[in-house]
Amino acid sequence: MEDIRISDMMVVSLARLLKNKENAFHGVASIMPMVAIMLSRKVHNKELTYLNITGGVNIEDAELTISTDGNNLFQSSKSVVKLTDIFDLSARNKLDIAFLSCSQVDQYGNINNSVIGNYHNPKVRLPGGAGSAVLLPTAKEAIVWKSKHDTRSFVENVDFITAKGNVSYVVTPKCIFKRVDGKLKLYELYPFETLDSIIENTSFSIDHEGFSVSLPPTGEEMIALNQIDPDRLRDSEL
Amino acid sequence: MEDIRISDMMVVSLARLLKNKENAFHGVASIMPMVAIMLSRKVHNKELTYLNITGGVNIEDAELTISTDGNNLFQSSKSVVKLTDIFDLSARNKLDIAFLSCSQVDQYGNINNSVIGNYHNPKVRLPGGAGSAVLLPTAKEAIVWKSKHDTRSFVENVDFITAKGNVSYVVTPKCIFKRVDGKLKLYELYPFETLDSIIENTSFSIDHEGFSVSLPPTGEEMIALNQIDPDRLRDSEL
Amino acid sequence: MDKIRDINEVIEMMKSNDIIAFGGNVLHRSPIQVAYHIANSNIKDLHIVKTAMAMEIDILALSKSVKKVSAGFISYEGEFGLCNNYRKAVQDGEIQVQEHACYSVIAALRAAIYGIPFMPIRGLLGSDLVHTMDYKTVADPYTGEEIVAIQAIVPDWGIIHVQKADRFGNCEIIGPMYEDDIVCRAAKNTIITCEEIVGDEYFKDKKADISEVFVKYVVELPKGASPGYCPGYYGLDKEKINSFKNKGTLK
Amino acid sequence: MDKIRDINEVIEMMKSNDIIAFGGNVLHRSPIQVAYHIANSNIKDLHIVKTAMAMEIDILALSKSVKKVSAGFISYEGEFGLCNNYRKAVQDGEIQVQEHACYSVIAALRAAIYGIPFMPIRGLLGSDLVHTMDYKTVADPYTGEEIVAIQAIVPDWGIIHVQKADRFGNCEIIGPMYEDDIVCRAAKNTIITCEEIVGDEYFKDKKADISEVFVKYVVELPKGASPGYCPGYYGLDKEKINSFKNKGTLK
């Protein structure tokens, strides 16, 4: 237990949210969700269908790389479900979980991955939301993860709403927010964190009524995690 | 030359129309176009791309059957161009030739394969136009073949316009009509036919100015035809 | 996760008034034996969808199981002629025909796949089908151009016969795929019938032609496409087709 | 019928203001070497289209060859960070961003494939992209429901790098296909670059992943996806990417 890092807590938190779900998808630049889905399939939900951009379905024993859209996530697949298929699945309301990240997230769970500043004259041009503008409204749930928790990332209102929709949880290096009645609410605090630190590092005011403290990663979860990701790529996002 | 039948003349006529074309498609129940495309690829236009419902592209040396949408027209293909692809190609104006048949054709080249009589209370319910309602307007050219030439098939106005569009030629057991300024005109008379027989067996009045007499199948054409279709399936439609 | 069912179990799940899309094409790898099973059940008033079909609808017309058909082409090929049970049922007003071009069936199923209410489609203009079938047009919001719009058809069931499938629903199709890739995605639930169920290792070295993701149930049903063709397994059984056409018995 | 061309011949056919869609995804089997060739040509004011890309656009932004980008995601993954040449060009107002969700790029290309002016699409509602990018809505003519409509993008060129191709344009892709099946169909003309040209018999026993029907020209261009990944041939050349990012030279 002494060697548990924030990345472990984040990945385990993401994985646990997949417990009763049928399928889950992650896109590019999504190390944590990739590891989390693999972890969930080993420990929490062996029948979870794992989808990714490459077309791979339920791939097993992949050698992980820093990229989350390569052939390593495709070659052992028994069939092909292309990215177009995944968007289509979501569009017809058959995608359970989409994982998405962003530069900013606001109190409503809206996300921004487009620009900082004015859209047409931006201070920073961001990468764009990838699938988020479509997946947030169409997936049954969108889980947002954000590898920084500070007042610049967790804002009252995002500079630009790249995507808005069915965000269910936001997982950060400090806690898990749950979206209740359209607003983010503190759901779980990581065991090594304080409520004050959350309040201090979040620009919007936090409803923290009834939050709980996360169960630290179990031994079973940590063993599986280290089997899946022995090189600790999950640290790379932090 | 003594053993040339009407079916040979029809297939050769269809094949010759493919001379400067890039690609050609036939659907189900299309023995004559199937043999004609194969003949053209052997004799008139070796670079013609041959497409059919099965997804097969430029298949060679197929053993023919009475069905024109089976695995025999697919298995030797190097790639797959599905029926959906073929319709899409046509929709974006990249299909040169679509072959279609029908129960009735009228003086404008409109075709009917839906009903004889009133649509909602039909005397005869016909099979339906398959792809024709889409292919006639979108293919660069639609070539219609009709294995009967009588006044019930060649009518002034069809009972129901299943499809209307870019019909270029209509090939019959007696002649070839060409569509000029929106009306069918006698283009070629088969060598064993008379103009009187055409007039007698056609319900609409025929513009026959400047028609020519078809060149009978050449020796080269007949040799290729008998290689492609040794069992004379091409007779089956007549 | 185990999706294997008995044929009677899946037939029991179907209800009157359901929309059923069949895979295959005319007499090729078409789920003809499932049609017999439905014909011998109490399921009625079905809406049957397929680009080009023959024997399934001819069986289901004989058993009076069909209320509506959406298709582009309904006939046997060659010597077997027209689908006479179907034809008679339409002429007698028993079956309502939503006549399509094959491509508009595809468009209707694509709309289902994409979760959209309609698909714009090229073609059809000039055809009497447009007004007779009440296909509507829509104006392109960018240019104002009017284009035909085909309404989505979301089948309750997609029924596809394949050569091999594993217990998860991964399928191998020998020979042409036809519109099966579209049918399995468009339907709310897809049932695979197969000649053989293969082991879990079968798709280790080659990718399946249909993914388990698009499959709800797997039924082992040898000779499921008979008397039609099933590449790699059997060819046409002409005698049986002629016997059905002449005697009109439901197996 | 022989479609083989030299890389310089195909680059010469491209013109300023053309719309180019690239195949591959981010650093996987992306036609990065073609991007270098274009960057070193006189072709300017390109409109570049891809769901998710990185190095091609970063190269073409550096050479000031781009007027407009339609994409869902533009960034490297992991250690390589953002596409800084692209980012700077946008911030300086040199490149116009038509920001998409990856799915709306797919919808725009699907519209091109289907020959229709627009595609209805689920999602996007609630996003500021709808009004900022002027994505219009359309009313379903059957139910009146309003849905977002994405205008067709018809690329002048689709450029796809594959492992193997024959002289007719039949291609083998090792590993993920990404959106290459869509790009090759949507474009007016598709150029295949490949690691190897194979003989006419190569596709006798296995069907090609891309058909010759969708291919205009074939260019042998070994290492065409380098410094990105090309499964079966080479992995990432991190040093070259870092060198490009740091020194900013066009090869």
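Note that the chains are named A, B, C and D in the order they appear, and that numbering of residues resets to 1 at the start of each chain.
Assume a residue touches a chain if its C-beta (ideal position, glycine included) is under 8 Å from a C-beta of that chain, and two chains touch if they have at least 3 such contacts.
Everything numeric in this text was worked out from a predicted model, so none of it was measured.
Shared contact partners of chain A and chain C comprise D. Compared with chain D, the chain whose C-alpha mean position is the greatest distance off is B.
With centres taken as mean Cα positions, chain D sits 36 Å from chain C.
If you average the Cα atoms of chain A and of chain D, the two centres end up 27 Å apart. Centre-to-centre separation of chain A and chain B, using mean CA positions: 57 Å.
In chain A, the residues that reach two or more other chains under the touch definition are 80, 91-92, 138. Among all residues of chain D, those that touch two or more other chains are 114-116, 121-122. Every pair of chains meeting the contact definition is listed here: A-C, A-D, B-C, B-D, C-D.
Note for the complex: chain A touches chain C at residues 23, 47, 49, 51, 57, 76-81, 85, 88-89, 91-93, 138. Residues of chain D touching chain C in their complex: 114-122, 136-143, 145, 147, 149, 151. Put simply, chain C touches chain B in their complex at residues 25-28, 51-52, 71-75, 77-79, 82-83, 86-87, 90-91, 93, 97, 99-104, 106, 121-129, 132, 174-179, 181-182, 229, 231, 236.
In the complex of the two chains, the chain D residues touching chain B come out as 1, 112-116, 166, 168, 170, 185, 203-204, 207-208, 210-214.
Residues 27-29, 31, 53-56, 66-71, 74-75, 80, 82-84, 87, 90-92, 114, 119, 121-138, 160-165, 236 of chain A touch chain D in their complex.
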